[in-house]
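What follows is chain A paired twice: with chain B in the first complex and chain C in the second.
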Partner chain A sequence: MSELWEVLSEHFPELSSGFWVTVRLVLISFAIAMVVGTAVAALRIAPLRPLNWIGGVYVEVFRNTPLLVLLFISFAGLRRAGVPIDAWVAGTASLGLYTAAYVAEALRSGVFAVGKGQIEASLSLGLDYPRTMRYVILPQAFRTVIPHLGSLTIAMIKNSAIVGVSLLALPDLLHQARLVNSRTFATNETFFWAAAGYLMLTLLATVAVRRLEARYAIHR
Partner chain B sequence: MTSVKLWRVLFALALAIAALAVAACGDDDDDDDGGNGGGGDQTAEVKQFPAGSTLGKIQDRGEITIGVKYDVPPFGFKNPQSGEIEGFDVDMGKIVAEELGVEPKFVEAISDNRIPFLQQGEVDLILSTMTINQERDTEIEFSEPYYIARGRILVPGDSDIKGIDDLAGKRVCTALGSTYEETLREQAPDADLKLVDTYSECLELLQNGAIDAISTDDVILTGMIIQDDSLKMVGDELTTEPYGAGIKEGEKEFQQFVSDTFAAAERDGRWGDIYQEWVGQYLNKKAQPPEMTLQEALALG
Partner chain C sequence: MGYLFDPQNWEWLTTDNNLRFLLEGFLVNLQIAAIAMVFSLVFGLLLALGRLAKLRPLSITAGVWIDVWRNLPLIFIILYLALALPAPWKDLYESNVPGFLPEALQSGRVFAGILGLVLYNSAVIAEIMRAGILSLDRGQGEAAASLGLSYPQQLRYVILPQGLRRMVPATVSQLITLNKDTTLVSIIAIQEVMRHGRILSSGFAAFTGADVQAPLLQVFIFIGALFVVTNYALSRVSRRLEVRERKRTGGTAGPVIGLEDQTALATEAR
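Let's look at the complex of A and B:
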């Protein structure tokens, strides 16, 4: 028990710096996932076949590729091809674009939950398609899928650890925990704190989603 | 109709997967045969250890599991042509197996997992370019040093880094869990350390320009230059890295046996042959078995 506190107090600088790197990684990736995910969802439900097709290809490519493979391609692959991409850009883009595919699917299901009649009504009232989406459909769709987006966010927080163990060598929470472990050999104690760090973030996300749900969610 | 078609497709897919699985197993078998080949022709008498002892159990099993690196030429690496595991560490492991009268079985052990492997009994012996130090000595037993490596820096041919003092602000790669993590923190505190799992990842990063230098043992860096001759080694010898075999904590008889085996190999020329094959011909240095003792190695840090 005392060893548990010893590991934390002696290696707090490393572990806390790793925690903040994870927070940054998660926040940036989350922003990318939401923006790109919304855009892709809009493509998938647009009243134009080629756009649907582009959105579909995006979802299938990013949803059916392991995140670790995306990381290798976006970092080692692009650099070999002469694109001097930075580890941070490769890491956040991979995690963000990967999660965006799931966000797009979640939103699409939310859009289908909004009655077809509303789209027809909105269009017949003279709103064009982008405006119909922006003011009528997407706000309702978002509210329907809040719980689903919450699960995706939690999954993304945990997936951020994959970025940490990849060859990008970003010093995130897991990376720093492995560093501490390699010096102390206190495996159980070190990874207990790593798990606690991820739990803090996922619980925070859970609470945030609950609040949003209580305020906005539509129960059908 | 369509459902029949679907079943056919699924069946074909299952067959393909099964075929792949069988092919993969076949490969594994080949590897094992390759690894075992070395200890094949045993000469007469082998010392038998009591049945209850760790060494006796290994002799009963007829096989010793040895953790080596798979990506660190010329110490432990998979020969791309034959698929066999080869290198200095591998040959030292074969000598230990031979002296025990058992077959060696090699498994991959990277810097970060090799000590847990020993502690959990996944391997009997570690021969993976492991530097003897006090921190590790509290977790495992070390044999007497069987090789002395020196810490150096590897950079691209056109780099302006000339030594450790030029590393400030540069991105430097080494393996997570290696002694260089500490060495670099002390000797190049302003370097931006990139810690990855394996040295092959460091090499990938150096070749694709994501880092500026790699720091680790000269022999490992020599192996990289053999793979890519556009790279060069710079700077003075940063550190002295005596390599020792790792044995589970408390196994004193095993520890003594490995040290005795290495000492015998150093005396009768087997060590010299291994040195010449894997290091001597590249470094242009004469075989010189390490004179440093385990106590002296531990005194280094």
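Let's look at the complex of A and C:
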């Protein structure tokens, strides 16, 4: 038991720096996922077939490709091809674009949940398609899918560990835990603290989402 | 763009037995996925029933178990098990693994990988199944009980057939995720498609006497395409089945439905 605290006190700097890398990774990727996801959802429900098709291809490609493969393509692949991409750019873009496909699907279902009559009413009031989107559909769609976006955020926290393991230049919590473990051989203790870090983040996200849900969510 | 589509950079696919080598690796992924899927579904159902049990200690234990495993990163679990799993467990696996499985699956490390996949996915699937069972009207269980069915009989004939059917789409999308997650076992040095891809593009071509260099970018785009095709097919089949089932039973979707079938029904309705 004492060894448990020993590992934490001796290696706190490494573990906490890893923790913050994970947090930063998740926050940046979350922003990318929301922006791209919203754009793709808009494409998927646009009143123009070719746009629907492009959005659909995006979703199917990014949702069905393993994140690890995306990371290989975007970092090592591009570098070998002569594109000097930064590890942070490759990591956050991979995680963000991957999650964006799920965000787009969630928003699309949220849009379908907005009554058809509302869209017709908005159009007949003279709002054009982008404005209908901006003022009528999306605000409601976002509020309907808060619980779903929450579980995507939690999935993103977990998936950030894949980024840290495959990109050496991104020393996240799991990466640091492996380093500490290779020096101390205290596997159970080191991984216990890393697990505590991840559970703390996922728990925090769960509580935050529950709060948001209580305040804003529309239950249909 | 020119680099990406340059036929020279795709020549590796048709030379030597590169394609065969990649597909052999991919088969290992599919086999790991199949094994992990079966165990995850079985344990997921048991965990869900445990969490719903009337016996408090059992439901609390199952609940904590589920919440811990489902909130940890899968790659974390796999790495931890690979480091910490006692050697006798791995030996037990190695001496009992069926001989017809490929060489990559004979190593004891595979046990850590599969165990990790099952621990994580059974916890996630347990939550999906629990939601399905809870979404059923209470009256269903009560009616079955008042007809004189015992608890196991209620589960077997009334609750599970309805509850689980509702959760088919969510379960299938989790199984697709599982299929993608099999690539994570490459981190613990299991020779599957990611490792095969790295060997092909490692630049050793000059030493092995191969004439054609396989560029990393193209190799991994091809691997990604393998997954896209497989997973897309899996999701189409399940959607088809789901819509047909809905039509056959004439049932409408309950309050708790997965995203997939919401969209499936929406597109069907158009």
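Definition applied: the second predicted complex is superposed on the first by the 217 of 220 C-alpha atoms of A that agree within 3 Å, B and C clash if a C-alpha of one lies under 4 Å from a C-alpha of the other, contacts with A are read in each partner's own complex, and residues count from 1 in each chain.
In the analysis below, a residue touches a chain if its C-beta (ideal position, glycine included) is under 8 Å from a C-beta of that chain, and two chains touch if they have at least 3 such contacts.
Keep in mind that this is a model prediction, so the values were computed, not measured.
K.L.:
Looking at the overlay, does A:Ile154 come into contact with chain B only (first), chain C only (second), both, or neither?
P.N.:
Touch partner of A:Ile154: chain C, not chain B.
K.L.:
Would you check which partner chain A:Ala208 touches, where first means chain B only, second means chain C only, and both and neither mean what they say?
P.N.:
neither
K.L.:
In the superposed arrangement, which partner chain does A:Ala121 touch: chain B (first), chain C (second), both, or neither?
P.N.:
neither
K.L.:
With both complexes superposed on chain A, which partner does A:Val69 reach: first (chain B), second (chain C), both or neither?
P.N.:
Only chain C is touched by A:Val69; chain B is not.
K.L.:
After the superposition on A, what does A:Leu167 contact: first (chain B), second (chain C), both or neither?
P.N.:
First partner only, chain B.
K.L.:
Check the residue A:Leu48 against both partner chains and state whether it touches chain B (first), chain C (second), both, or neither.
P.N.:
Neither: A:Leu48 stays clear of chain B and chain C.
K.L.:
Of the two partners chain B and chain C, which one touches more residues belonging to chain A?
P.N.:
Answer, by number of touched residues of chain A: C.
K.L.:
Could you say whether A:Leu199 touches chain B, chain C, both of them, or neither, answering first, second, both or neither?
P.N.:
In the superposition, A:Leu199 contacts chain C only.
K.L.:
Considering only the touch criterion stated at the top, classify A:Ala31 as touching first (chain B), second (chain C), both, or neither.
P.N.:
After superposition on chain A, A:Ala31 lies in contact with neither partner.
K.L.:
Touch test for A:Arg80: chain B only (first), chain C only (second), both, or neither?
P.N.:
After superposition on chain A, A:Arg80 lies in contact with both partners, chain B and chain C.
K.L.:
What residues on chain A does chain C touch that chain B touches too?
P.N.:
Touching chain B and chain C on chain A: residues 76, 80, 165, 178, 187.
K.L.:
Okay, in this complex, where on chain C does chain A touch?
P.N.:
It is residues 3-4, 68, 71-76, 79-80, 83-84, 176, 180-181, 183-184, 186-187, 194, 197, 201, 215-217, 220-221, 223-224, 227-228, 230-232, 235, 259, 262-263, 266 of chain C that touch chain A.
K.L.:
State the interface residues of chain B toward chain A in the complex, per the touch definition above.
P.N.:
111-112, 115-116, 135, 139, 173, 176-177, 181-182, 194-197, 201, 204-205, 207-210
K.L.:
Using the touch rule from the top, collect the residues of chain A that touch chain C in their complex.
P.N.:
Against chain C, the touching part of chain A is residues 60-61, 63-70, 72-73, 76-78, 80-82, 105-106, 108-109, 112-113, 148, 154, 157-162, 165-166, 174, 178, 181, 187-188, 191, 194-195, 198-199, 202-203.
K.L.:
Please name which positions on chain A make contact with chain B in the complex.
P.N.:
The touching residues are 75-76, 79-80, 84, 87, 165, 167, 169, 175, 178-179, 182-183, 185, 187.
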